[in-house]
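Letters A, B, C, D, E and F name the chains as they come in the text, with residue numbers starting at 1 for each one.
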Amino acid sequence: METGTGVLPTLIILDNYLKEWLLEDIGRGDRTTQCLLNQNATEGKAQWIAKADGIVAGLPIAARIFQLLNQKIDFTVLVKEGEFCHSGTVIAQIRGSLDALLTGERVALNLAMRLSGIATLTRKYVETIADLPTLFVDTRKTTPGLRILEKYATQVGGAINHRMGLDDAVMIKDNHIAAAGGIGKAITCIRSRIPYPLTIEVETENLQQVKEALEYQADIIMLDNMKPDIIHEAVKIIRQQDKKVKIEASGNVTLETIRTIAKTGVDYISSSAPITQSKWLDLSMKIN
Amino acid sequence: METGTGVLPTLIILDNYLKEWLLEDIGRGDRTTQCLLNQNATEGKAQWIAKADGIVAGLPIAARIFQLLNQKIDFTVLVKEGEFCHSGTVIAQIRGSLDALLTGERVALNLAMRLSGIATLTRKYVETIADLPTLFVDTRKTTPGLRILEKYATQVGGAINHRMGLDDAVMIKDNHIAAAGGIGKAITCIRSRIPYPLTIEVETENLQQVKEALEYQADIIMLDNMKPDIIHEAVKIIRQQDKKVKIEASGNVTLETIRTIAKTGVDYISSSAPITQSKWLDLSMKIN
Amino acid sequence: METGTGVLPTLIILDNYLKEWLLEDIGRGDRTTQCLLNQNATEGKAQWIAKADGIVAGLPIAARIFQLLNQKIDFTVLVKEGEFCHSGTVIAQIRGSLDALLTGERVALNLAMRLSGIATLTRKYVETIADLPTLFVDTRKTTPGLRILEKYATQVGGAINHRMGLDDAVMIKDNHIAAAGGIGKAITCIRSRIPYPLTIEVETENLQQVKEALEYQADIIMLDNMKPDIIHEAVKIIRQQDKKVKIEASGNVTLETIRTIAKTGVDYISSSAPITQSKWLDLSMKIN
Amino acid sequence: METGTGVLPTLIILDNYLKEWLLEDIGRGDRTTQCLLNQNATEGKAQWIAKADGIVAGLPIAARIFQLLNQKIDFTVLVKEGEFCHSGTVIAQIRGSLDALLTGERVALNLAMRLSGIATLTRKYVETIADLPTLFVDTRKTTPGLRILEKYATQVGGAINHRMGLDDAVMIKDNHIAAAGGIGKAITCIRSRIPYPLTIEVETENLQQVKEALEYQADIIMLDNMKPDIIHEAVKIIRQQDKKVKIEASGNVTLETIRTIAKTGVDYISSSAPITQSKWLDLSMKIN
Amino acid sequence: METGTGVLPTLIILDNYLKEWLLEDIGRGDRTTQCLLNQNATEGKAQWIAKADGIVAGLPIAARIFQLLNQKIDFTVLVKEGEFCHSGTVIAQIRGSLDALLTGERVALNLAMRLSGIATLTRKYVETIADLPTLFVDTRKTTPGLRILEKYATQVGGAINHRMGLDDAVMIKDNHIAAAGGIGKAITCIRSRIPYPLTIEVETENLQQVKEALEYQADIIMLDNMKPDIIHEAVKIIRQQDKKVKIEASGNVTLETIRTIAKTGVDYISSSAPITQSKWLDLSMKIN
Amino acid sequence: METGTGVLPTLIILDNYLKEWLLEDIGRGDRTTQCLLNQNATEGKAQWIAKADGIVAGLPIAARIFQLLNQKIDFTVLVKEGEFCHSGTVIAQIRGSLDALLTGERVALNLAMRLSGIATLTRKYVETIADLPTLFVDTRKTTPGLRILEKYATQVGGAINHRMGLDDAVMIKDNHIAAAGGIGKAITCIRSRIPYPLTIEVETENLQQVKEALEYQADIIMLDNMKPDIIHEAVKIIRQQDKKVKIEASGNVTLETIRTIAKTGVDYISSSAPITQSKWLDLSMKIN
């Protein structure tokens, strides 16, 4: 995949969210706009403008937000989803019913600003290791209610998605290991009960655990919070035995450390930073 | 109000959100936990620990998230909502069904980390002008779907809430003014149609607009993106005529500029920074 | 605002209600119509006729009800929303799929009859004091589930809306005063915690309370169940001190008493009578 | 059934409505109560008092409304559902969390006042013909969203319910007859397609139609808007041929006309008056 | 009604179900199709083919499922709803957006296969007694969530529907009789409280109960699990007294026994076999 | 996993379904039970009895259905979930409010009968190959709305679940291959865009396709509708190259053919037969 292409959720999934979000802001009615324009079908034009440098994400979703208020709104995107834009760039032009433009403005901007902020920081991580084979992946640390869209934004930024929820892959953490009485027992028990196409990832804290995960044929071994030299050692041990098991490093991943970690040879580096450490990208709407 | 007290939404409002957020993560089932502990009522204990310095917010909501999975979960908060905690502080202790602890962990932490991050940055803004009479207020730039909780977090941080949506106050912006053909016409038209207890705020860009808003008896005059000396001039003009109209400054509000703006004598300074510029406060859960 | 113009809620708010109401009547299927016309696309024409004299309200919403059953229904309104109609007036013409006409008839009529009844009685109150500066306002005594539409109907009838719910303005009543330990304490506590554009109204029962509300700068003072001469006295006291605080009278408001109350000089008189004392305006549908 | 016993809907049906209605009033939060009592578990006591003479209905539902806000609210009903109460009667005592009492008050009272108003007027109609064998029944003219509760109220008032919606019985009206090409064709077509336990009622406008409905074995024959002597004639014709078919009169039913109509010997008289012509019964809540 | 015509539920009822079912399968996104065709508007054509002999039912609903994913899908049905098709018959042709075809395929086929299986077995029962006056009816044994569609399928197969739920007719079973203290008491109590157009059916186990049901004027008498000669005897007893009461036989109804039961002269034979004993009719979709 | 242990979905997922299903049957009210027992808190006892031999599944869910009507219902399961029961076995005892027992009976039985029927047929398939290493898996051919419970039932019957929906694994079918221009291109494109823990299965129709899927490192290769000797050949080719790729056979799987297919050495045999070919297991409830 070329950097910056995200897979948009289908409308049948999105629309329920977008309607809820519009209703959250509108409440019992947009007093300002409706009292001013009541039953008065004025048309208007508007531009969306980037007010800071960054990767723009979420414009097709912003378009849909306006269209849920008025089917005939024409929202023309002027930049590619995932494109880097300089401050001042006109990124979209909108034309249609003025009340829909005014009522939908805040929700649409809020969403696009949040997603663009995520995509922008994601891109920085991705570019830092772009020449290396290691891939950058996201996590389940996402804002409640925005999982699929925030993960869409990390994808637009160039990341690979990790599992989307508790049900599309297994992740065995320290507490599960403790409850099961060891990595082997946990894998065996879970393997027998899950849908068989699902993969099992084990979070390991030391080389001993890495070996146990390997012995019980985990599909993915996560090296959690290990020092780079230990990670390197773990990669060697794993690759001697198994060419296919995927290796993921996690913990203490920053723009400063990521390149060192990538050079250990792990397949994936996961980090919640694009979600938890990013600021919103400033965008604004100007009505002509 | 002492700094840091937020007004928690009633459960009948909250529960619908919290259930949606749990289902977003769980999907068709928590494969790891359920396959391991299926119908096995193991009890467990856990601690929540701050991994960074900051203001903690959202613990009563985190408690409710676990209780929606299992009514009998005991979530004991060990710090005051809105209290500054150093990294390493144990902020809560949880006791109850192990599967509820494991399945609810991520959603509860995600929410509390986001809210605590907002409260932490809000507090910095608030403290910068704490000795001045000017109050710090939030905006409608909030993450879609989280409006009431993010505004709860700014309140915990010490901010005053601005309007909660498009329906509990009027805000006349440049586009409304243009559509109405002037500030006076906009105020007159809207005043005649809104629920009468609602207040009308006008966003002004220059002193001419300030005077027009004053003449038509706006309840709140927002001075948008004005330089401090112009703000000061505007405050003088307004106060000469009217003691009660509220004056709000907005635009270019940073930790560096806020004190200068506050000294102009405005009543309120609004900023979306605590929402759009904050990082999540790192919290983690450790099962004993 | 010219008498009789209401601000229609946006469709994104209305549609959820209208669908629920159609489903309430249809249940598992309109046995009569569907068994007769099953998959048989007969077209039909119908008229809506006023069967009594009154103010007609809700026709744009009735139109939408039919359109939710069949997008192509053409519902042409023949009178102005809020216009007084004599019995026998044809108020709308409808053309389209016969099964949608028959299945939607009852729900659409029920709603329009209820709203027209409210608008009709509201108009009587409004006209009684039309030459005086006092305005007539509604209350929160509305049929559960119909708040925004019943308040739309009072607006069509010429009333001003009071607050729409518990969240867009504060109303401090006797019980709140008792719980807080006095009007002053209640205002101070609440003022510090509400969104700052919200106004605070205090319900007062005597002149002593009026003075306390005034001292603590309530935005609206309600004079509850006071005799006209006491109301007059209260208005004098308030206006001596404050030109801007709004004064509302409430209690024992009937078509007989309202003029006397208005002459005391209060700004607003609130009454639930248009909602709680009105009968439905009889409307019927005749298929040609 | 003794007069005044209604069959309460099960909670699994009611709760969805009641929650919606609470949220309609609360919106984003009860600013007054929550800002005053935030996280402060004050207990309170209150009384419900009738402020006018009438039949009280809906108290068990009012109780549930409070309990949805706080499970532990104790709402003790002091009069029998359907009992006639004089103004001043204390009809219920409530004890529990003060914030739940204050937040739920309006919704609970609004519902009970509406239902009691319906029951009160229903009872007048019922008593007018209480010594005759004819029964008084309601119609589908009900407030959108309140069908099952308004019909519960007519039952409490002593009426018999007519069909609850478009799906639990067939009613062939003039428009259906026209579409089918006659009463006979309409009955035959519909009879072949409906669930077989359902009954078919035909609305007739003259004796010719009565005979046709009889010939095609309608289960119920409605005599619509006929003069008493024609009704009497119709009853004779029908009873000569069929002992079991039910006869219903409808149209122009008032407290003045109902006795005359009943004396024609019809089995049922239907009227929407208790729903469309009733005023709310005034009830109030007093916190001690 | 000609054999095989079902009355399709209106779209306002159906759409909520169909959207839920699509979301059940899609979850957070159709990974295969969306990752392949992301934002790439390829058009496609497909055929639906019967892979076994049987009655086809549900094609108009399948069409709607695709259209909820993409309004422009053209789904052309090539056989009559309820028509017997031989294996290999092309029953529909579809044209439109390829991603909608691929994403909707499974849900649409699952539903149509289930409904066609039901219609196919229903038809066998119906044809076995087609020359006799007795009619074949379904029951409330239906798959949770599919009541209206499974009953639509039995209707397409030629059956008459029994009641659709607990609310559109009364069925007094042994447990109700026991609770009431006899058939007579149960009928009397229930008759006084139900909507008056509803009918009362009594489940009887012996001739004594038949006589009691008859005496108290049950509308429908069900002869439950009786031997054919007892059924015959019951029919005689009932018909001597009452020409109109409907007689239903139930229990031990198989393709082998149904003809014998029908010959006893009962009006209706009810059986859940078409729902509980049928296999899905194999249908498949082939994209060209 | 011992045969017959299913992983029950958490209540937060289940309850929404169960409430919908109760409301589907109850509609506007259980006329029979409520009119008989209105507000009369009679207690009752009941037994659930198997009326045919089979595997019982779904009893914990049946228990929950009753408890949603009345929290205090005690539903004691007397057999193990997944246990084979002979006709006549008492499988559960219930005690509690009689109206909840009567109102919930049909929905609870319908669900348990359907799930038990599925588990019973699943077990037959599983036992036929129980001595061989091949595992039996289900498919996405499930009744709309019942996916998680029907797959729970196949698990109770001893099957392994295949993917639960379109989002937890990738399945590349002929149409996807055609759209992509080959198996290799399809795998490459999808691999780059999916969450990385997800596996990719390719449906192959001949040995050429098997080799291509192998070359592009599909995680699972499905041999679709191949003859046993071709399957055997495919297994040999695959195992020579890759020890870890999973091999699934599908198509023409019956109780007669499954053993022959299993002996080819495939890892999994998938079949929809337990869902599409099973009859409901007859269960009944007897109130004491």
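Some observations on this one:
In the analysis below, contacts are C-beta pairs under 8 Å (C-beta built on N, C-alpha and C of every residue); 3 or more make two chains touch, one makes a residue touch a chain.
If you're wondering where the values come from, they're calculated on a predicted model, not measured in any experiment.
Separation of subunit B from subunit F in touch steps, taking the shortest path, is 1.
Listing every chain that touches subunit A and subunit F alike gives B, C, D, E.
The chain with its Cα centroid farthest from the Cα centroid of subunit E is B. Set against the Cα centre of subunit C, the chain with the most distant centre is F. Because subunit C and subunit D carry the same sequence, their contact can be compared by residue number, and over half of the numbers here are used by both.
Repeated interface: B-F and one of A-F, C-D or B-D share more than half of their contact pairs by residue number, and that pair is B-D. Seen as a C-alpha superposition, subunit A sits on subunit E after a turn of 120°, to the nearest 5. Work out the mean CA point of subunit A and of subunit C, and you get 45 Å between them. Taking each chain's centre as the average of its CA atoms, subunit A and subunit B sit 23 Å apart.
For the pair subunit B and subunit C, the distance between C-alpha centroids works out to 32 Å.
The set of subunit A residues that touch two or more partner chains comprises 5, 7, 26-30, 35, 38, 103, 147, 164-165, 167-169, 193-195, 198. Taken as a graph of touching chains, this assembly is complete, with every chain in contact with every other. Contacts from subunit A toward subunit E in the complex involve residues 5, 7-10, 12-13, 147-148, 164-165, 168.
Residues 17, 20-21, 24-33, 35-38, 42, 44, 98, 102-103, 106-107, 109-111, 113-114, 117, 140-147, 164-176, 178-180, 186, 189-190, 193-195, 198, 275-280, 282, 287 of subunit B touch subunit A in their complex.
Partner subunit D is touched in their complex by these residues of subunit F: 19, 22-23, 26, 28-30, 34-35, 38-39, 68-69, 99, 103. Against subunit E, in their complex, subunit B makes its touches with residues 27-28. By the touch criterion stated above, subunit A contacts subunit F in their complex at residues 1, 5, 7, 135, 137, 155, 160-164, 167-169, 192-199, 201, 219-220, 244, 246, 268.
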